[in-house]
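Report on the structure given below.
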Amino acid sequence: MSCTVDARVDLSVDIAGVKLKNPVMVASGTFGFGTEYAAYMDVSRLGAIVTKGLTLQPRTGNPPPRIWETPAGMLNSIGLQNPGIDAYLEHHLPALRAFKVPVIANVCGDTVKEYAEIARRLECHEGADAIEVNISCPNVERGGIAFGSDPRSAVAVVEAVKRATSLPVIVKLTPNVTDIAEIARACEGAGADALSLVNTLLGMAIDIYRMRPALGNVFGGLSGPAIRPVAVRMVWQVREAVDLPLIGMGGIASFEDALEFILAGASAVAVGSGTFADPACAIRVIDGIGQYMANNGFERVSHMVGLAHKCR
Amino acid sequence: MHLEAQILEMHAITNDVYSMTLQCPGVADSAQPGQFVHVAVAQPGSTDPLLRRPLSICDADRSKGTVELVFRIVGRGTRLLAGRQASERIDLMGPIGTGFRRPRPGRVPLVVAGGIGIAPLHFLCRALLSVGVSPYVIAGFSTRSDMILVDRLVRYGAKVQVITEDGSFGLAGKVTEYIERAAQEINSHSHGEVELYACGPLGMINSVREWCLETGVFGQVSLESRMACGTGACLGCVLRVITASGEERYERVCVDGPVFDVRRIVTC
Amino acid sequence: MSCTVDARVDLSVDIAGVKLKNPVMVASGTFGFGTEYAAYMDVSRLGAIVTKGLTLQPRTGNPPPRIWETPAGMLNSIGLQNPGIDAYLEHHLPALRAFKVPVIANVCGDTVKEYAEIARRLECHEGADAIEVNISCPNVERGGIAFGSDPRSAVAVVEAVKRATSLPVIVKLTPNVTDIAEIARACEGAGADALSLVNTLLGMAIDIYRMRPALGNVFGGLSGPAIRPVAVRMVWQVREAVDLPLIGMGGIASFEDALEFILAGASAVAVGSGTFADPACAIRVIDGIGQYMANNGFERVSHMVGLAHKCR
Amino acid sequence: MHLEAQILEMHAITNDVYSMTLQCPGVADSAQPGQFVHVAVAQPGSTDPLLRRPLSICDADRSKGTVELVFRIVGRGTRLLAGRQASERIDLMGPIGTGFRRPRPGRVPLVVAGGIGIAPLHFLCRALLSVGVSPYVIAGFSTRSDMILVDRLVRYGAKVQVITEDGSFGLAGKVTEYIERAAQEINSHSHGEVELYACGPLGMINSVREWCLETGVFGQVSLESRMACGTGACLGCVLRVITASGEERYERVCVDGPVFDVRRIVTC
């Protein structure tokens, strides 16, 4: 399909100074550290790879079951199992770099200080081309409420990370809030270079035959096509609230889905659970966007970003 | 490998167990006993069910380039699969996972199968027989009408003892009640030391594990877990294991397993 | 199926004094005023009928398109089209009463005063057995933010309606909030007799070929199986926060789905979009719950309510 | 009525248009031209696609108890339907909606069909012919390979003029360019006053509406809308109409339509 794309179609985008050859990334936590899917697809074709969430110390994660399928979606309660920032730099980064694709490190912390410390180590070890700050994590110092559900906590994290690094800082918002635009504006004010949205919706399921929560952790994050209408709506609202570049995600399984986000205001997109259903999903999305641009006379991705706001 | 394979043959073995034979030389060539394929079940254009379903490779024929899956209908994914027909194409990833280690020279494989758990063990037995190793199989089913794959194993030359819970065929009871006896029989006849291979429901796996730990027999079990990626990326399918150094951690059933040394299992 | 159910199984429930012969209602806005589905199913078997949202004055509703299908779900932007409370009492109520099923009137207002006035008229004309107060409606006096997304606005509505009527008052919560338990506690404090949850999730879709929002109103409410994990999670959280009886809804399409809500803490459930997919959905749910109770030795629905909290 | 009907016959008419004949006497008995059925498209056990799809009754045979649907693949729902096979069962609701009013005595029906819009008009024409009324049909298609149902209409005795946009069959151009001419022809031959019946793409409907309003010809059009319930309950499928008293309001395409008097349409 890609070979038939008009030569004038330029898929490249620039997100907060990171140059991507196309606007399609793979979302944090759904693509491990890049090598896991190498046997199933051409990883080097991706616009960028976002790593699994990294913490300062290794994390063992939540007790199983961690996965539960739901209609057109899935719940996960991985609980940030990861080898820690140092093991990442030593063991995973070299293989990840070999794909010659921009690497965005997704980071998470229990405290503001932890976020800043991870950001510092990432910069001084050239551990990423940009940092995606996951503010869906519980703020341990404030009773476990997610940093991202309160503008002040969000600002504290973003300011600390910005001070700690000169890498571009992308803030990844949680959708579990009353007013996403308010959080987005707070992050913009605190110096964020771009925003990713959305993280998973908080959900749960009951195993009615065992009469207990299906997940070992009770609650889990809902992802997949089921959540796309909520995610597109939030990209639309945030587009109207801030001027930052947005990375849209939540249920992308086809190029049509990706274009919904782009037309709603996302400069790039990420494929998450869609890769589980089809390892070639991101590749199909890249090719499909190119084809759509050729068919509709768009020369650059930026010409499509937010276009649906104008056509109202 | 990720590919679309053509369904060559599709038939019901019992009421709720189906056999699906696929044309996929790439998978057939490299498949190892204990490995599985990760199969898309939704209709094209539908995003529900979203996730693939893991199914063990029950047989692989390199010369024909075919792979056989044998699965039981337990929910909507397997029901959709059972509705597929010969000549249709099916999207699969595989072969995936760390399969069974062959027994050490001179050891006698004791194969313990519970219900549909016989599927990966069927492939294992064929592979063992093809290199001259004769497994001793004890295969348990609820009742005679659930019995599957036994005839084929016998035909290839495996020694098979069937156990049904209701005694409607073979010995009566649970397969785990007969492990000790089987091991003694092997010892008395062949004087070889036993190595155990098992796949089946959780209760059976737990009994097998205890027996192995008590007797010191080296045992490998194939485990199940709900899976998303099937590649090791999502960390969704983990099992708590105990490492050689005594420390506990989570390992992925999809790529670190699905076959585990019983001594490494903490809970399952 | 119902005939095989154990005679000892008692499906009846009592919600804030309203006696239902079984715990399965049809959700507001998905069943019109009861007569629309009469040709397709036995309406008299329902536990209760919740009416389309009623306002003081007739409403014309939003411009079409008003419906857009999404993965395992749908968006709607009906915009409360309804004939107004007086036409309801005169034209729709008599036929609705003929089903001999409890009627719950879903009401909505632009202002606190409007809510109270509708409640008053409903009581004095015997227009319902209970009132379901939809607080997802925009508060016109406060810049259009939904009453239900702010505890103070919610309290104002609930208190006013309670003063205006002696009918049981069920408050229907919106899921588009950071902390559903906070809103639930506020409503309990204000005198609510029961809570319904959830209303639709705010979502949108883009028609990528027309490059504009798919719905005439841009935003719409997401319903259907897609949202069930979010709805079950909220029932679970609210169960832990308040003592009121809960009516669970959001994506119920089978008896298994309904049992997730009951085991999570709902005393009754409502089938909404599931009826669009299968007009017999609610009936299947009623029969399936009975069968499940018989199979698992439950004699009363109340024995199952919230059970999954204990089995943790 | 809500029922499961058996598929008696299923075949492709063109590249992307299918005919499905169902055994459902209840629907066949009461079906009126212009009514539709609301068909479940998802596989059992899948909730995606969630909603049913409305399809016009293209033909109904009371003696055989059969109903025929003719549909074009435009998206995933119709694609899933096209994959269904004879002997399978399909879940449907219907007949639904307010169909076409018969022409007043002495009037001559001018039937204007655009593409797949010919489906409900086929049933209308058969019904008219069966009571001795002879419709004059102009049917437009993009190109000759898209032409459907014309042979059947001719066989029943309708006068049919085909128009293709590329001129590959019949007259060249758009169907709406030929309405005036057809009306004149009817007037000169039969001296009966014309009543117009139309179904087709929006652009065509708009032209038809304008022509009717200009000429004062009574016209009925069958309209489409995205539907959820198909029963009038959800208010999702509404169309802006103008009432006799001049006031505008929304009416439901599913039960107040799908057939509307052109004078009542505001925008569509």
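By written order: A, B, C and D. Residues from 1 in each chain.
Note that in this section a residue touches a chain if its C-beta (ideal position, glycine included) is under 8 Å from a C-beta of that chain, and two chains touch if they have at least 3 such contacts.
This is a predicted model, so every value here is computed, not measured.
The chains other than chain C, kept in their positions, stay connected through touching as one piece. When chain centres are defined as mean Cα coordinates, B lies farthest from chain D.
Taking B-C and C-D together, the pair of chains sharing more C-beta contacts is C-D. Between chain A and chain C the centroid-to-centroid distance comes to 34 Å (mean Cα coordinates, whole Å).
Note on chain placement: the centre of chain B and the centre of chain C lie 46 Å apart, centres being C-alpha means. Averaging C-alpha coordinates per chain places the centre of chain A 36 Å away from that of chain B.
Among all residues of chain D, those that touch two or more other chains are 42, 47-49. Residue positions 71-73, 224-226, 253 of chain A each touch two or more of the other chains.
A complete topology is adopted by the chain contact network, contact being made between every pair of chains. Only residues 70-73, 75, 149, 176-178, 201-206, 208, 210-213, 218-220, 222, 224-230, 232-233, 236, 251, 253, 256, 259-260, 263-264, 292, 307-308, 311-312 of chain A touch chain C when the two sit together in their complex.
Of all residues in chain C, only 71-72, 225 touch chain B in the complex they form. Considering their complex, residues 29-32, 36-37, 39-41, 52, 60-61, 63-69, 71-74, 76, 78, 81, 224-226, 253, 273, 275-280 of chain C touch chain D.
Against chain D, in their complex, chain B makes its touches with residues 42-49, 76, 79-80, 83. The touching residues of chain D, when paired with chain C in their complex, are 1-2, 40, 42, 47-52, 91, 93, 225-240, 249-250, 255.
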